[in-house]
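Look at the two complexes coming up: subunit A is in both, with subunit B in one and subunit C in the other.
The block that comes next holds the complex of A and B.
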């Protein structure tokens, strides 16, 4: 399944690079590489949110780097 | 602001202005001002009124910032889609496919009326008239008229799309079916109103260039000749470094790496009697994945040259940020969908040119002298036939003698024909070299100059005394990378 991280200019300023690196590491650690594909995306029209836009299972989440572990535990794993 | 004469000027003016403010670090404060800066006064220059002109500029600024046009519903969008219609810029061309022109002689034979199977044509004192509600666009009247008075006009966007992904909504505004679109960019060039455009990553690249990162540029082989007949690769490289890039690498070296890998793969497949296609053109690969999914297993599993080059750069600086610069719109989609961790950004030559302008860099004045790395075969990947030539060359250098037949397909239409034959099991050739753009990458939609000019410049510069692929790879330690990938739709 696709896990899509926004790399638009606004999310870039909110450090989408750290989100991509963090998610990549978590995907590897939990051995999800065969089941989750990390993709990039242009703007998802949620520039007003605090965090970086991440789309998973047709829902758009707003994430900060320290929220990634909880996000993978609570949102990604249960919906795989 | 320079005078706006055509659509290329509009796109360029927006990219240049956005690049300028991005370098200054004031882009987010200036967002609202840009439309008024580019469109001044009250007299419209290219549309019905300045308000519409400014709205078009506003949407183009969004695209330059990596955002899709605002007035489109993007809830179910494929977020990696690069090519978008700018609805406010679409004229909704009121064209009905078959139209009777002034050439109609109001003849007595009435061949058009007799030829129409739907009774859509009637005779009036002024000549034949087609009833649009009855016309089924079969074209029989068009063939029948002895005066060629009936013309076949299709909307340019629809006509330019090789995969029939463009249709019209209830207001005659063009819409793109993203499940069919291969992001080749043909419609971006095809629309005479510039109403279809590609999203840019330029602003984020400039942000990184102004930060503490080591940002590396890798330029596609088709860059030679892009900036005029007197600008060689060394001058372009110097110009790119002046933009803030730490170093510039040739994707053509990646092409040399790919040629070696793909030659090995081709021999393996050939010996098993299996047909294979090239994998370097993302438009062509998208065509297979979306429209001929059963042929997926035939696609070479060698990475495209830009990824090979990125792995080469990554070995030099593991933490560097790598930016691909090429003539290609589909590459933007390719990196987002498949290579995000390796290549975070792709720019077009158009965007590069806007950055040069924004920084006031004149390539002609660059003084530099540096040796070129890639072979003439790696550089040749930019032109239709180049991949085949390089792969054949590798086999010759390795002393392997195979009678491998190659289908060189230039443009999606030729690719579709070869793929249809492959699907039917009737392809006589062993290898398909597929290029989405007619003539190869040098005719790409993100080019600065038109393909005729580019071709002349390319032929002048893309020669290198060095034509030894294997030796070049060894000398540059470029022969030790894993170049394997998989293809998922």
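The block that comes next holds the complex of A and C.
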């Protein structure tokens, strides 16, 4: 399944690069590489949010780097 | 059909070591119907040489521009130059190059300077000169036809003497310089890159301390190349389809800048945007792909960097570091390279809608400045000699 991170202008400034690196690491650690595909996308039109837009299962989350572990535990794993 | 040719020209002078002024002078101007370049090397070095070569090139340029004959032009120069008090001579070498866009017809006149290097299809072409006397000076002249891809390089004698008495007993010598250039000139190299290649080699042979003013001026014959760049959603959503239709109907390369713009184009073309996730420069967001579009990038941050890079290029177009920066495969450099090196005509398609996505006061950078950045980009492209047209939506 696709896990899509926004890399548009706004999210770039909110450090989407760190989000991608963090998610990449978590996916590897939990051995999810053959079940979750990390992708990039341009603007998801949620630029007003505080965090970087990340789409999972048709829901858009707004994430900061320190929220990634909780996000994977609570959102990604249960809905895989 | 014979299409008109375009001219890509650049030059670089290395000053004699320790001199603040260069005694060589290059001037060129693209006129309506033709292109003229003059290279002049004044007697001696420093201030005196600088004045002689500046006078010579300026007089020649102005008279040729006004349509004066070569006889009158040379005669005027000979009778105008101040006489050097040491050498009792008024002297400055020159080479004049005149190229007509419609016919590709070229006129070359040289006085006492190293011959022009003419390269076609990677091979050196000997120039057939005729000699005649004008105002007691022996002038070499040649007329020939140019075609797309041809390279003409004018030199001052500092080039052919590079390394003399140090690395090379008798200097680099015209045969070796021209063979070097013919061998190393790749088909995709611009005049700036060719100039940089030869000038840097001279500098190396002089071990960074040129024994004479050393000038390389290169002209490359190129075809018309069109680049179309689209950025920003239209003010009215109803114009989306019209904009994409207009944009896609253009000849040439296509660039789309901006996430919303890329999504809009993909939607209208019934295609998908596939983003890459490689960060080659942490400052520049990754690029993306849409079938049928040559380059897709993020918008305002990328364009800002592109504008910075273009400004840097225009300040020093033959600097090898600047040229190398254009080869980095991130979005901003790719746009800058396309506009600077692969373009005679730039069409900008600009959507004027203020992007609601960018109205977030918590962001560290002001994103609402895209229209101004696109103004800067248009201005810089004009400075680089491109014909720029803008379409607003």
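In this text, the second predicted complex is superposed on the first by the 80 of 80 C-alpha atoms of A that agree within 3 Å, B and C clash if a C-alpha of one lies under 4 Å from a C-alpha of the other, contacts with A are read in each partner's own complex, and residues count from 1 in each chain.
Quick note on the criterion: a contact is a pair of C-beta atoms (placed from the backbone, for glycine too) under 8 Å apart; a residue touches a chain by one contact, two chains touch by 3 or more.
Since the structure is predicted, the reported quantities are computational estimates derived from the model, not experimental observations.
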- [ ] Report for A:25: first if it touches subunit B alone, second if subunit C alone, otherwise both or neither.
- [x] neither
TODO: Examine A:33 and indicate which partner it touches, taking first as subunit B and second as subunit C; both and neither are also allowed.
DONE: neither
- [ ] Could you look at A:69 and tell me whether it touches subunit B, subunit C, both or neither (first, second, both, neither)?
- [x] neither
Task: Partner chain(s) touched by A:43 [first = subunit B, second = subunit C, both, neither] - done: both
TODO: Considering only touches as defined above, state whether A:57 meets subunit B (first), subunit C (second), both or neither.
DONE: neither
- [ ] Could you tell me if A:17 is touching subunit B, subunit C, both of them or neither one (first, second, both, neither)?
- [x] both
Open item on the list: So in the superposed three-chain picture, is A:7 touching just subunit B, just subunit C, both, or none of them (first/second/both/neither)?
Closed with: both
Task: Intersection of subunit A interface sets (partners subunit B, subunit C) - done: 6-10, 12-13, 17, 20, 38-43, 45, 47
Open item on the list: Help me check something: in the complex, which residues belonging to subunit B touch subunit A?
Closed with: 27, 62, 65-68, 74, 79-82, 199, 201, 203-204, 207, 335-338, 340-341, 344, 488
- [ ] Spell out the part of subunit A that touches subunit B in their complex, as residue ranges.
- [x] 4-10, 12-13, 17, 20, 24, 37-45, 47, 55
Task: Touch list for subunit A against partner subunit C, complex - done: 6-10, 12-14, 16-17, 20, 38-43, 45, 47-48, 50
Open item on the list: Which stretch or stretches of subunit C touch subunit A in the complex?
Closed with: 258-260, 262-263, 273, 275-277, 279, 282, 285-286, 288, 298-301, 356-358, 360, 362-365, 367
